[in-house]
Structure formats: C-alpha cells, structure tokens
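Heads up, the next two complexes both have chain A, just with different partners, chain B and then chain C.
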Partner chain A sequence: MISHIIIAPVLVHLFTAIVLLAFWEKILAHRIISIVGSLLGLIISVRLFTRVLNGPILTMNAANWDAPFGIVFVGDLMSTTFVLLTSIVALAVSIYSATGVSKGRIRYGYFPIFHFLILGLNGAFLTGDIFNLYVWFEVIIISSFVLLTIGGRKPQLEGAVKYMTLNILASTFFLTGIAILYGITGTLNIADLSQKILLVEKRAIVNMTAMFFVIGFGIKSALFPLYFWLPSSYHTPPSAVAAVFGGLLTKVGIYGFLRVFTLIFIPDDFIQLLLMGIGVMTIITGSFGAVIKNNLRRIFSYLILCHLGFVIGGLALFTEIAFIGLIFYLIHDIIIKSNLFLMAGLIRQLRGSMDLSRLGGIYGQYPKISLMMAVVLFSLAGIPPLSGFWPKIYLFDAGYQSSNYFFICGIIIGSFITLYLMAKIWSEVFWKDPKEEANSLDHFAPMPLFRKALLVFPIAFLAGVTLMIGLNAEFIIQVASKIAGEMADPTPYIEAVLVK
Partner chain B sequence: MELLLVITMGCLYAAGVYLILKRSMVRLLLGIILLGNGTNILIFLLGNIVKGHPPVIAGELQSLTDVYSDPIPQALILTAIVISFGLTSFAIVLLKRVYAIIQTDDLDNLNTPEEEDI
Partner chain C sequence: MKSVILQTATRYMHPILLLFSVFLLLRGHYLPGGGFVGGLVASIAFVLHSIAYGTQQTLKILHFNPLSFITAGLALATLSMFLPVFFGYPVMTGLWLNQPFPVVGLVGSSLFFDMGVYFVVVGVVLTILFTISLESH
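Moving on, here comes the complex of A and B:
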C-alpha cells in the first residue's frame, strides 16, 4: 500500500535540523527546538508503527518511479519498530543533552548534527534500495564523525582517527559489494534483488559478494575480529553522544545483516557456520574484555560487543524461533545500551569520575536514583521477569532445537559474565563506602531542581520503557513473532514493493 | 579499454590497502583516497563500457535492441565521488588537528584513549 507517512520520520528531523541551523549560537532556542523536534518524531513514529502493526506493509516510490527502477521506501514491521526505538532514544538523548552537553559544544552545532544523525538512522531503516542504504550510512557516519570530535579534546581526536579510518574502510567494502551485486543482477532494489539473485548461475560469485557485506557490516556493527575501533573510541565523547552511538549506531550494521541475509543472500551451511563463529567469538571476547576494565564506559563498550554476538548467533541459526529471540533482544538492547551510557554520564556528575576505584556510596546518598539504575542493571543481566530474560528463552530454545550447543555455551558464558559485571558495578559504585573527597566532586547536588530533573528524567523514561518491555513481554513477543514471520518468509515484502 | 581499467582498478585497490597498513597518517589518508577511487572504477566497469551506444531509444523502436552503456553506474559513481569528497576533506582536517596536537605523524602514538584510566 502506497503511503507518504513513511518518509515523515526522516523529514521531521531534517526540518528540525534546518530550523536549528537558523538559530545558530542561541543555546536556549537550540535546547527547546531539539526537544520539540524529537517529541514530534516520536509521535509520528508511534503512528507509523501502529499503522504497520495493524495493517499492510507501506511503501513509497520516490518521484513516482515504479519499484525496481526508482528508489523505494518500505515500512514493514521491522523497519518501523527500529524507527520507533530510534525515536524513543532520540527523545531521551535530546532532553539529557539540554544539560548534559556543555555550552561550548552546543554553540558549535551539536544539536543540528545530532538531528542529522537521527535523520540518517531513520532513512537507513526505511529505505528499500541497497545503494540508498549506502547513502544513508554515509549520512550517519559523517554526522557521527562530527559528534565524536566536537569539543576537540586530545583523546577524542585520537579515538576519532581509528573510528574514522575503519568506518570509511567499511563503507568502501560495502560499496564494492553493492557494485558487484549490481554487476551480476542489474538491479539495486532489495526486493528485486532477492528474486534476481536466484537466477545467477555462478554461486561462487554470490558467496564472495556476501563476504563483502559481512566485512562491511561487520566493521560497522563491531563484530569479532573487526571491533577494535569501538572500545577505543566510544568512551571519549560526551555521555549523550556515547548513548546514541552505543544504542543505535552498531544496530544499523546489525539491521543491514538482518535485511541482506534474509532477503538477498540466504545463508548456506558455510555462511551459517561463519556467522555462528563470529557471533560466539564476539560474545566471548566482548565479555572477557569487559571483565578487565575499570572504567564504567569502557565496561559498557565491551558489553555492547558481547550482546551483539547473541543477535548474530541467532541469525546464524536461521530458524523462526531464533528470529523471535533476536528481534526481542534488539528491542531490549537498543533502549538499555543507550540508558547505560546516560547513567554513566549521571554517575560522573554525582562523583566526578567514571573509574570504579574512585566511585562508591551512591546508594546511601541517592537511594531513589540507585534503585532506578538497579532496574536497568538487572534487566541487562536478564533477571526474570525483566526484559533481558525473555529473549534468552527463545535463543536457548532455538539453540536446542538446532542442537547447536556451541551457541548455547556462548549465551551462558555471556550472560554469566554480564551478571558478574552487574554485581561488581553494583557493589563498587553503589554499595562501597564513598571516598572522602566525594562530596567536593559532586556536581549534581548544587544544581537547581529543574536541571536535576532534566538529567534524571531521560534515564527514568528509558528505565520505564525497559520495565514495560519486561512486564508487558507478551505484546513484544507478538510484535517479534510478526517480524520473525516477515524475515522467514519475505514474500509479502517482495509483493508489497513490486506491486504491479 | 576495459582491460586497462581493470588493471588500473587492481593497482588502486592494492596500493590503497598497502598504504592503509602503513603507520604514517599521510599514507593512511592517501590509502583511503586510492581505495575510494578503485571502487569508483569498479562501479564504472560494470556498466558496459562501449563507444557510441547511448541508452537512448530510437524514434521508431519500443525498446533498446543493441548493446548500450548503462547510465546507472555513472549516476552511482557521481554520488560516490561526492560522498568520498566530503569524507576525505573531513579526514584531512581531522588528521591535521591530530598532528597539531601530538606533533607526530606516527599512528602508534595515538594511545591516550587506551592509557587513560583503564
């Protein structure tokens, strides 16, 4: 069904960014416009999501060129779910940035670039054309370069060199893959590709092209052995930026994996084995890396890797139950990873540091904030009935049914180490006796109430969403099952795009 | 013509990868640029490079019957060139800033983020 509402989440952020540029150097106006823009974006994404949940897949042909020839935007349930999650995170980060990002950074255009980043993310989730997906990826990375370097501190710039080089390299691989794909099929439309790729006789070329996509998306989503740029750059920018990066940027790479490997390259045994190996090694290296770190944001950076391994492992199993598990896991993970970095920012305001050895006593001083953070930490560890628990049941089930005990071992190791880390963070940050100089480093207590509320509200909001995902799991499972159905049988997607 | 382009493309890819693996920042930059150009030529090659066959349907015909040069890869290259221009200029400015701060061209000295409170 053709509908123009699909493009609205992209346009809202585009217009917000343009209006923000008109108010250059007016800090208060920037803060207000950004929050209003993100709120509008959220309202529109909720509408789009409910329409797709209860109705057919929506499509939009740019400039009215029919599907395989023009660029097409497709809103199926997977896309719209990701857009909804992006909007939720964007709203929380907008509010948090109002006080969490320094005035100097806002003056140099933090908010417009932030909205360009969200625009790129929404575009990448909604497009149905593989070259257009590449263009949105470039919109995302160029915005993320600026967000990563804005402020110009020495560690930031050094982290940005690694981030930039590997992301440009990933784009080159991705583009090479697209070029070869076009050469062997003669089309760029994803739905059309999924039909034409079956007609290619030389399967070796198809598999080789798939490897270009594995490397390109693998660098972007920071999978083993291509993840080293992530832990050496994600702890350098302000916490608000790290929250968007941690929650959303790696997930675009994962989204690319999900689309390309369910529609274009249906995994054969070799690719399944490869993805499974990558997934489990990502879990193991990510969790072991997190254990030896003492800085909160470094621990969280490694945990991003660790938990992406669950998703890629689930994709490698390639059964419908595994799809339900991995989609549920992504829904839970996007919200919670953003929140973790926002929490790290708040803890820095409370104690002036993110180093475990210099933290302590937050539970005694701020019991309400600590309990709120406890909900998030326990959800991440997957303690029932919170949100991390449900998808793991499905992933376990899928692993057993495919008798893939390698993957099950990986999940157990990953979950156990996450639990250990949460216990460590809880005892080091919240329970341990505070250091003597703690009160002099507390920037939070002297703040006026309104500023405090702006810092705490986004964390409470995301924690509330996490709690809702956990307690209202039945609804999320319904959504995830519908998405899994779409992934296992892409015929409705193809028919919706290539409507005659 | 095609053979020449294929060889050029191979050289650009090889040189790009070789330069990226070097420790010097300037070589890293040159490597990125060469790799990008290699990809552009690859896309160009996929569009049937033939002389004098524009993708225009003659007046009395309904569709193209002869070999024609595919215009889509050329449109794709234009997009890719513009994007890589933007990325390259950002990379140049970033590397210049980094050089101004750490006063060396050696990528092995970019380890402040690793050493700072592990």
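Moving on, here comes the complex of A and C:
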C-alpha cells in the first residue's frame, strides 16, 4: 500500500537538525530542541510501527517514479521495528546528552550532527534500494566521524583514524558489490533484484558478489576477523556518542546482512557454513577479548562483538525459528547495549573513572541506581524472565533442530562468559570497597537535582524498556514471528514494491 | 598581500563570476550546470575577493556568517522537497508552473531545491576556507 508518511521519521530529524543549525551556539536552545525533536520522532515511529503491525506493508515511490526505476522506500515490519528502536535510543541519548556532553562539544555542533546520524539510520532502515542504502551508510559514517572526533582529544583522534580507515574500506567493498550486482542484473531495487538474480546463469559471479557484501557489511558490523577497529575506537568518544554507536551503528551492518541474505543472495551450503564460522568465531573472540579488559567501556565494546555473533550464527541456520530468535535478540540488544554505555558514563560521573580497579562501593552509596543497573546487567546475562533469556531459547531450539552443535557450543560459551563478566562487574564496581581517593572524584553528588534527573532518567527509561521486553515477551515474540515470516517468505515484500 | 592589479581585476571579476554562477544554476535542470557547480563558482567569487581585500572585508560584504548560508540552503531544499506532500504527491516530486517565466524559463520545485544546494555549497566552502584563513592570521 502506498503511503507518503513512511519517510516522516527521516524528515523529522532533518527538520530538527536544520532548526538546531539556526540556533547555532545557543546551548540551552540546542538541548531543548533536540529533546523535542527526538520525542516527535518517537511518536511518529510508534504510529508507523502500529500501522505496519496491523496492516499491509507500506511503500513510497520517491519523486513519484515507479518502483524498479525510482528509489522506493519500504516500511515492512522489520524496517519499522528498527526505526522504532532507533527512535527510543535517540530520545534517551538526547536527554542524556543535555548534561552528559560538554558545552564545548555542543557549541561545535554536537546536536545537529547527532540528528543527521539518526536521520541516516532511519533512512537506511526504510530504503528499498540497494544504492540508496549505500548513500544512507555514507550519511551515517560521515556523521559518525564528526561525533567521534568532536572535542579533539588525542585518544579520540587515534580511535577515529582506525574507525575511518576501516569504514571507508568497507564502503568501497560495498560499493564494488553493488556495481557488480548492477552489472549482472541491471537493477538496484532490492525487490526487483530478488527476482532478477535468479535468472543469472553464472552462479559463481553471484556468489563472488555475495562475498563483497559479506566483507563490506562484516567490517561495518565488526565481525570476526574484521572487528579490531571497534574495541579500539568505541571507548574514546563521550558516553552518549558511544551509546548510539554501540547500540545502533553495528546493527545497521547486521540489518544489511539480514536484508541482502534473505532477499538477494539466498545462502547456499557454502555461505551458510561461512556465516556460521564467522558467527561462532565472533562470539568466541568477542567474549575472550572482554574477559581480559579492565576498562568498563572496553569490556562492553567486546561484548557488542560477542553478541553480534549470536545474530549472524542465527542467520546462518536460516530457519524460521532461528529468525525469530535473532530478531528478538536484536530488539533486546539494541536497547541494552545503548544503555550499557550510558551506564558507563554515569559510573564515570559517580567515580571519575571507568577502570575496574579504581571503582567500587557504588551499591553502598547509591543503592537505587545500582539496583536499576543490576536489572540491565542481569538482562544482558539472560537470567529468566528478563529479556536476554527468551531469544536464546529460540536460538537453541533452532540449533538443535538443524543439529548444529557447533553453534550451540558457541552460544553456551558466549552466554557463560557474559554471565561471568556481569558477576565480575557487579562485584568490582558495586560491591567491592572503594579505594580512598575514589569518593573525592564524585561529580554526581554536588549536581543540582534537575541535572541528576537528566542523567538518570534515560538509563531508567531504557532499563524500563528492557524490563518490558522481558516481561512482555509474548508480544515481542509475536512481532518477531511476523518479521521472521517476512524474512522466510519475501513474496509479500516483493509484491508490495513491484505490483501496483 | 595588497596588489592593485588583483584588486582592480577583482572589482570586475567579482560581479561577473556571481552572474555566471546564477546562469549555471538556472540552466542546470536539463543542461550541464546546477546548484552544486553554481555554488562553487559563487564561492570562488568570494574567495577571490578575500584574497584581494582580506577575509574581514569579504565577511563585511557578505553581511551574514557563512554558516547561516548552510542553514538557509538546507531549509530551502528541505521545504521544496516536502512541498509536494501538501498536493498529495510523494516527497521530492517535481511540481511545475504552467507558464514559463521570462529569462528563467519554466519554474518548478526542483529549482528551489537547486537553489538550496547552491546556498549550502557556498556556505560550506566559505566556512571551511574562511576558518582556515582567519586562523592562520
């Protein structure tokens, strides 16, 4: 069904960014406008999500050019779910940034760039054209370069160089893949590609093109063996930026994987084996990397990798139950990873450090904040009935049904190490007696109540969402099943785009 | 660097370059040209002026901070992109007036989009170059 409003989540953030530019250097105005814009974005995303959940797939032909020729925007349930999650994280991060980001950074345009980033993310999730997807990726990485370097501290620049080099390489691979794909099929529309790729006789070329996409998206979503840029750059920017990066940026790469490998390149045995190998190795390297680190944000960076492995392994199984598991996992993961980085930022405000050896005693001093964080940590570890638990049941089930014990071992190792890390963080950060000098670095206690609320509210909000995902799992499973149905049988998607 | 030759030449070149940039902007829909190239030529006009007379003088004749050109351009482009929605068309559809204007030709919403691009390019180029030149002094 044609609907002109599906582009609205993109336009809201564009308008917000323009209004923010008009109020250049007015810090208070920036904070308020950003929060209002993100709130509007959230309302629109919720409406779009409920419309698609209860109705048909929505499409919009940009500039009124018909589908295989013009750029088409498609709002199916997967896209709108991702847009909704993006908007939730964007709102939390906007509120957190109001106090969590320094005035200097705001003066140099932190908020407009933040909204350009969210705009790029929403665009990437909504587009139904593979080249347009590349363009949105560019919008995302250019904004993220600025967010990563704004402030200009030396470690930031060092992290940004690694990030930039690898991401430009990834874009080049992605673009080359698109060029070859266009060469062999003559179209860029994803729905059209999905039909025309079947007519290509030389399957070797198709598989080779798939490898370009594996490398391109693999670098962007930081999968084994191309992950090393992530842990060496995500601990450098302010925590608010790291929250968006950790929660959403790598997930765009994963979204690319999900789209491309369910619509264009239906995996054969070789690609399944390859993705499974990548997935399990990502789990193992990510979790072992996290074990040896002592800085909170570095631990969380490695955990991002570890848990992306679950998703890619699930994609490799390529059964509907695995799809339910991985979509549920992504829904849980986007919210919780953003929250972890916000929490790391708050802990830094409480103790002036993110080093495990210099932290301690937060539970004794701030019991309520600690309990809130405990909910998040337990959800991440997957303790029933919290949100990390449910998707793993589905992933296990899918693994047993396809007798893929390699994957099951991977999940067990990953989950076990996550549990161990959560216990370690809990005892080191919250329980252990603090070193004496730690209390003198508390920036949080002298803050006025309003600023405290602005720091704690986003974390509580995201923790609440996580709790809802865990306790209201039946609804999430319904959504995930419907998305899994769309992924397993793309006919409705193709019909919605191509048939008038 | 004060050079009488350059300053005198600039006095003639500056308006010609600006006129040429508008010409490029207007012919850009079907022929080579358009907002991006037009914007670059217009910013060259101002860069030339700043080399001849100094960046402070150029900022004075510009009246506005180069950064506000970016804002205005983005706003213009976004509005012209969003305008078709009010007429029941998808975003970015080209809306055209029936009667051609003298000199300019047919006017449509894409002209305003191109003008938006023109201002963004002027704003970006001047912001970058003037920031560098003001810092190096």
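Structural remarks
Please note the rule applied: the second predicted complex is superposed on the first by the 499 of 500 C-alpha atoms of A that agree within 3 Å, B and C clash if a C-alpha of one lies under 4 Å from a C-alpha of the other, contacts with A are read in each partner's own complex, and residues count from 1 in each chain.
Note that contacts are C-beta pairs under 8 Å (C-beta built on N, C-alpha and C of every residue); 3 or more make two chains touch, one makes a residue touch a chain.
Since this is a predicted model, take the numbers as computed values, not measurements.
Taken together in the superposed arrangement on chain A, chain B and chain C fit without clashing.
By the touch criterion defined above, A:Tyr420 lies against neither chain B nor chain C after alignment on the C-alpha atoms of chain A. Judged by the touch definition given at the top, the superposed model places A:Ala62 against chain C, while chain B stays out of reach. Touch criterion not met for A:Tyr108: it reaches neither chain B nor chain C. In the superposed model, A:Phe228 lies in contact with neither chain B nor chain C. When the shared chain is aligned, chain B comes close enough to touch A:Pro155, but chain C does not. Of the two partner chains, chain C is the only one that A:His4 touches; chain B does not reach it. In the superposed model, A:Phe396 makes contact with neither chain B nor chain C. Here chain B and chain C sit at a least CA-CA distance of 10 Å once the structures share a frame through chain A. Only residues 20, 25, 28, 32, 35-36, 39, 42-43, 45-46, 72-73, 76, 79-80, 83, 86-87, 90-91, 94-95, 97-98, 101-102, 107, 110-114, 116-118 of chain B touch chain A when the two sit together in their complex. Residues of chain C that touch chain A in their complex: 67-68, 70-71, 74-75, 78, 82, 84-85, 88-94. Residues 2, 4, 7, 11, 14-15, 17-18, 21-22, 24, 60-64 of chain A are the ones that touch chain C when the two sit in their complex. Interface residues of chain A, counted against chain B in their complex, comprise 131, 135, 138, 141-142, 145-146, 149, 152, 154-155, 157-162, 164-165, 168-169, 171-172, 175-176, 179-180, 182-183, 188, 232-233, 235-236, 293-295, 298, 353-355.
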